[in-house]
Structure formats: structure tokens, C-alpha cells
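A, B, C and D are the chain letters, set down in written order, and residue numbers restart from 1 in every chain.
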Amino acid sequence: MDKNEVKIVIAKRVSKEFKDGDVVNLGIGLPTMVANYLSPDIDVILQSENGFVGLGPAAEAGQEKKYIVNAGGQPVTIKSGGAFFDSAMSFTIIRGGHVDATVLGALQVDQEGNLANWKIPGKMVPGMGGAMDLVVGAKKVIVAMEHTAKGAPKILKKCSLPLTAVQQVDLIITEMGVMEITPQGIVLKEIHPEFTVDDIKAATEADIIVAEDLKPMEI
Amino acid sequence: MNKIVSIEEAVTHIRDGMTVMVGGFLGCGSPHKLIDALVEKGVKDLTLICNDTAFPDAGVGKMVVNKQFKKIITSHIGTNPETGRQMNEKETEVNLVPQGSLAEKIRAGGAGLGGILTPTGVGTEVEEGKEKMVLDGKTYLLELPLKADVALIFGHKVDTKGNILYQGAERNFNPLMATAADIVIVEAEQTVAVGELDPNEVMTPGIFVNYIVGGDK
Amino acid sequence: MNKIVSIEEAVTHIRDGMTVMVGGFLGCGSPHKLIDALVEKGVKDLTLICNDTAFPDAGVGKMVVNKQFKKIITSHIGTNPETGRQMNEKETEVNLVPQGSLAEKIRAGGAGLGGILTPTGVGTEVEEGKEKMVLDGKTYLLELPLKADVALIFGHKVDTKGNILYQGAERNFNPLMATAADIVIVEAEQTVAVGELDPNEVMTPGIFVNYIVGGDK
Amino acid sequence: MDKNEVKIVIAKRVSKEFKDGDVVNLGIGLPTMVANYLSPDIDVILQSENGFVGLGPAAEAGQEKKYIVNAGGQPVTIKSGGAFFDSAMSFTIIRGGHVDATVLGALQVDQEGNLANWKIPGKMVPGMGGAMDLVVGAKKVIVAMEHTAKGAPKILKKCSLPLTAVQQVDLIITEMGVMEITPQGIVLKEIHPEFTVDDIKAATEADIIVAEDLKPMEI
């Protein structure tokens, strides 16, 4: 898989996690791509933390409106039936448990469900933006990312970077497979046909428990 | 009471050393003309409260590049490398706050609350120096209110009493900041006569607004 | 997802012993048809969260007269002598909360906050049993969040996705309660098709609403 | 003065306390009458804690709207330039110090500025409604009431009824005069020409300090 195929595999698989009526927040970058693969048979309502629900596709060229942008600042659209609100309401929705799932990237995730994605001390400190609230408040936290960074594992026994939140991650979806965080550790539930369990173990620092009913990755 | 002033008069209310809230999210919903006037004026040693520091060439980011802040309270600086540089070289103090906590801190300032308890940030660097409370087995951080000397906000339609309608995602922090500052200045995209806004659709009541600029299109 | 249900189906979600929030201020903005259906149904041992207990013959006061509450959390009972009688004779537990604190407690429940600090009630009976904190020399009470099993609210215009517009002073507690219950049922004065409400004017996003009744005029 | 004249004197005098642009909350009962005497030369914005600013006169017969009522449930009007909002915003305005003055009745007031107006144990417990927030949050708290209740003083050395708030009252306006609460005690600033200082002292349990520049009551 090339870089682009990797992203498509991840985005497609994430898109299967939702059901009709779910409210979902997609982070900037790869998670945003998930919107392209949602089934037309279900109504998934996308929340944009800068202040609306009903986030639609990117605005067409010439149709951009300066007052309809996503949390990354790109011109987007709002669907019929959507609603705008202020930042207090946006985080009432997020922190109050009214978001069914949030999909974010990560610098590191560990087998306790800890997540680090906002700071590399001394190098890069973009800030947490809405990520800390999203991870604490959403009913389900899905980390969607490439399995490794330049070959180095990102799924660790213990995060070494400053945490975004403690024990909040539920699911990790990479191009190699789908992993669930359980009290026993990380359980590999689905595997991409191009990889073996040993490939995944080699690319992961955390211990991997292989599910008894390990399935091929649903894409 | 006439609240409409020139942009020149409006910026006389912002003086060196003040704490200033600025509405907007990556510049969407920011009062760009007021920002330009402040860059021009060169007022300095300000404390900024804003969701983010936008971009070096847009929004409140221009004031960062112009080195007008001694302290910045914000949730995100990733789109403006100059903020990161000033932080790393200790030229500017940067206080990073989770976005939802920032919204609640400003709201608490405006609503006369002494603080709010949030689960956000527990177990992270954000909890440093903050009081923790355990209620019903769940841990919360006490986040204290934020207030400002001046709030600079942007409205889509503003009547001459200061009642404001926001448009789309430009709303973001503007209605919250309108409640939390001693002086509130709104940059209007469009100014309308009293009576043109339905009282049901007003998003910020005019009682919060001291001055209105722009909107003469 | 079809959210429109009959009033008969709607009230099946309210069962004996539940905690129920009801919007309205002296009955203005209360879901009167839902209340009548609950009086008819006779569901009992409820805990009520409502600004006031309205009047013996109007609003939630009818359910007081019908003895459907074991506990009432409210800011005012003066307009309904039956509430006072039940309280004095210890038939019903009445927990009086300052109106602004009641609004914040419900909002905190909806917003995932662990509580808020308010100066209201310090030095009065309201502080009994509550944690006090002194910040910057000022004393605050810790008010804890309120949540409910079901919220019964009233909307002026509701689209079939549950987006709500309120009219005039009917808004009051309705938008707050819509965020703070497991099941939210809105009684619509008027139901409209999706797309008929401008996303800028929606006051309660439809994501909070589970069921819609009425509005077929 | 008969009962009605008493009320008019009080309401008229209270109406002089405001300046152009002030945001004022008038309690139910006598304080509501203040609106009738506001100078047409100034724009005083009335706040109604059930959810709006710009409270206008009572609705004319036949013009009542069920969705425009005041905090007492009476049909009223909203002025051009007014705004409706929810109860959280209403008390953001109140608690947050955005109300310039609140005018309330009282069962008892004392010389420390304590106020009791929500409960007579064992007899009457209407509840505090918005009064506790108003008294704590408004910049200026004006108690507007008849000087005595059936001849018994209501202005006391120390309130005996459950308090609404501690040390928040700024001004007491009765048909007998205008009294300011100061750190030294209650200072009589204005006196109604029908009464003497001795009349007021006899009708008041609290100590009365007579202002050096005692004036006739401005009506």
C-alpha cells in the first residue's frame, strides 16, 4: 500500500463504526477523510467543534463562504437540518456526552488507552485545541492513524509524550488492523489481509492479544 | 446613548498592559478591521485571550507577529509558527487551555461564577497548579473564570442598540466574550436600525455592548 | 430516524419513580398536552425538576394536585398553595433552589461539568450541606449538576430532525433541559419540514431531541 | 396617605434612581409600578428574569400574547430593541453584574444590609425564585416597601427571618424616606414632608443616623 492507499483503508474502515443518527466529530487530517466513505443508507451527523452540526462536504470552488469553515479553517458546507451555535454549546455537546464517537489522530497511544497528540516538548507545541474535551467527553474514542511513524511504533506499552487524556481510547484503527482497548490490554479484532499477526506484533511496542475470532479487516 | 464610534475612537479604549479578548476561530469571526487598527496603533504588553493565534498574516496572528502580547491564553497555536517561536524563546508567555475549558472560563467570568469543575485535562499537564475535586468517584479540575478589560468581537448584523446576530461559524467565542469584559466593542459587518432585528433572533443582547464600529456598507 | 410519535407513545417513556424535567415558567413555555397526558396516565413517585410549580389548575401544578411527585426541585412554589400544603404536611419533599443556580445546575448536567461555584445563597439556608470555597476573598457555594431520565419541553417551531425554535419568553428553561436528560421529548406548537429552519436561528440542535409530539396544526 | 398614595410615593421616588442606559430588574408587586414613573428623557432597559430585556408596559386587552409575560405571569409587551433569551443567559446577566439596579420588596431589612423576603418558617414558603441571584448580582440593590407592616417595624437591627442574602442592600425607599446602608449603619438621606425624624425613628427598630444634609424626599 502506498501512503494514499493506507489512508483510504483506514478511513473506509472507520466509516463502518457508525450507525444511523450517530453524532460524530472527525479530527483534522486523515479523520476528515472518513466523511467520504459513510454509507448513504445511514444519517451520520458530523459535529464541527468551531460551532455547528450537519457538517457537509468541502465547498465547491467559487461557492466558499467565509462564515462556513470547519475546525481546520477550510471552506465547507452545512447540510439541511444542521444548526450553528457558540463555543459553549459546542463543548456542551462534546463534554456532555452528546457525541457518539470522536475520531482523532495520535502521536502515541498505549495499552491502557492513554493518548498523546498535542505536544512534543521542545519541538512542537500546537496546543490541544478541542482534543482534550473530545477525548474525555465522547462516548467512543477512535484513534485513526498509520500504524507506525517512519517505522517506529506509535502503539506503546506506556506513552512517553505529554498525555491528551488518561484511559479514554476505545479503538485503534490502522492500515494493519482494528484493535480494541480492554482492561486486559490491546485486543487485535481484525487484521488486514496484507499483514500477518507477526507483522503487527513487530510494528507494535504494546502487547497484542489476538482475538479468538480474529477476522479479516472489514473494508 | 449613541454607541456608534469611529474605528479611531474605538481603539483609544485599548491601552498598553490591558487584557483583551478577541473573538474568532482561526480568524473566522474575528474583528479584522479592529485588529488592523491595533497593529497600526502598536499598543503593547497586552494579555490576549483568544481561541487560537490564527495565522502570521491573518487575524490576531498579525498582532503576534507585531509583538504586541506579553501573555497569550489560548487553546491552539499550531497555525502560527511565530507564536511557537516566541514561546520557545520565552519572549511571550503562552498559557494553553483546552478549548472547552476556555469557553467555560470566559462564560464563568461573564456569569459571575467563581469557577467550574471539568473532567477535561485530568491526568495531563493541564492539571498543574489547579485544584482537583473528586465527586461521585470522578475527578474534576477547578477552572477559574476569565475576564478582560476589553472584548473585541465581530457581528454580522448589529442594531444601533448593540443587539447582535452572528452568521454561521463566525459565532464561536464572540457571544461568550461579549459578557466577560468591562468594555465590549463590536465590529459590525452590517449596522441596522433598532427594530430591524426580531427579539427572538438576537444572539447577544445590546446591554452587553458599549461601542459599535463599521457596518456602513 | 423518525422522531415523531403520538402523545400516547411519548408518555410510555415516563414511568413511576423517574426524574423528570419540565420546561416552563409559571406555565409559559410548558408542554401542556404532555402534562395533561401524564395526569391522565397517573404515573407516580416522580421527582420533578421545574422552575416553579405553576398553578393548581395549570401547567405542572396539575400534577402536583394529582399527587404524582415524591420530590420537587424548584425555585418557587408561591403560586401553587397545594405544593406548600404537601410540603408542610411532609407528603412531598420540596427542595428550593435559587433560580439562577437551578439554571446552572441543569446546564452543568448537560455540559458534563462536575459543578459550578456561585456566590448566590452564601450566608442563607441554601448553603446548608453544600461545600463552600473562598477564592480571591469571595465565598462561593459548590452547586452540583442535575440530570433527569426524561425532559419534557415545549417548542414553537420544530423540524422533523428535532431542531427547535422557541418563541418569546417560552424559551426559559427549555433549551437547558434539552441537554440534560437521557430522553428528550418536545411538544411542538408547529412541526415543519427539515430545511425550513435557518441553521443560524436554531436554538436547540435536533441531536438532543429523541421524540416530537403534536404540531400537526 | 392612603395605601395607594403610599405605593405611588415609593414608586415615584425609586424611578429617580436611574440614569440613561441603565439595566434594571423590577420585582413583582410594588416594584413593578416603578415603570410607570420613569422619565421619558432616559432609556431605562427593564430586565425580566423569565427571559428578556426591553420589558414594556402591560399588554392591552385583546393584545395579550401567551409567550410574552413577565416574571409574575402577567401579559406584557417587549419594546423595539429588546431581546429574548434562556434562563442561563438571564442569570448570566443577573449574577454576572450586568444589571445596574434591582428593586425588590422585603419582609425585613436590617442595618447591616441583610434582607429577608422568601420565607416565614411554618407559615409561608413561596421560595426565593430569582431574588437571591438578583440581590447578589445586581450592582445596586434597592428595597422598595412600606415602612412598617401593620404598624410593626420591618427595618430591624438584625433580621430574624431566613435571609435572602447577606449585606447586599444599598438603599431602602419607603413612603417615609430614603435610607442608605453604610458601614456605619442606616443613614436617613431624604425625608417625606409629612413625617418627622422622630416619626421615622419610632417606626424603625434599627438605629437611624440622620444625614447632615437631610433633604426633602424627591418625588
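Everything that follows uses one rule, which is that contacts are C-beta pairs under 8 Å (C-beta built on N, C-alpha and C of every residue); 3 or more make two chains touch, one makes a residue touch a chain.
Treat the numbers as computed from the prediction; the structure is a model and nothing was measured.
Look at the interfaces A-C and A-B and say which one is made up of more C-beta pairs in contact.
Contact tally favours A-B.
Measuring from the mean C-alpha position of subunit B to the mean C-alpha position of subunit C, what distance in angstrom results?
Centre separation, subunit B to subunit C: 32 Å.
As a quick test, compute the distance in whole Å between the mean CA positions of subunit A and subunit C.
Each chain's C-alpha centroid was found; their separation is 35 Å.
Could you tell me the distance, in whole angstrom, between the mean C-alpha positions of subunit A and subunit B?
29
In angstrom, rounded to a whole number, how far apart do the mean CA points of subunit A and subunit D lie?
55
What residues in subunit D touch two or more of the other chains?
52, 78, 84-85, 88, 91, 95, 136-137
Send over the residues of subunit B in touch with two or more other chains.
Within subunit B, the residues that touch at least two other chains are 104, 107, 111-113, 118-119, 166-168, 199-200.
Quick one: label the inter-chain contact graph as line, ring, star, complete or other.
other
Can you work out from the touch definition every pair of chains that touches here?
So the chains that touch one another pair up as A-B, A-C, B-C, B-D, C-D.
List the residues on subunit B that touch subunit D in their complex, please.
It is residues 1, 107, 109-113, 159, 161, 163, 179, 194-195, 199-200, 202, 205-208 of subunit B that touch subunit D.
Name, in rising order, each residue of subunit B that touches subunit C in their complex.
Contacts found on subunit B: 104, 108, 111-119, 133, 135, 138, 140, 142, 144, 165-168, 199-201.
State the interface residues of subunit D toward subunit B in the complex, per the touch definition above.
20-21, 23, 43, 45, 47, 52-54, 78, 80-85, 88-89, 91-93, 95-98, 136-137
Tell me, which parts of subunit D touch subunit C in their complex?
By the definition above, subunit D touches subunit C via 48-52, 65-69, 71-73, 78, 84-88, 90-91, 94-95, 119, 122, 124-133, 136-137, 162-166.
Please output the residues of subunit B touching subunit A within their complex, sorted ascending.
Residue list for subunit B touching subunit A: 25-29, 51-52, 74-79, 84, 87-88, 96, 98-104, 107, 118-126, 156, 166-176, 203.
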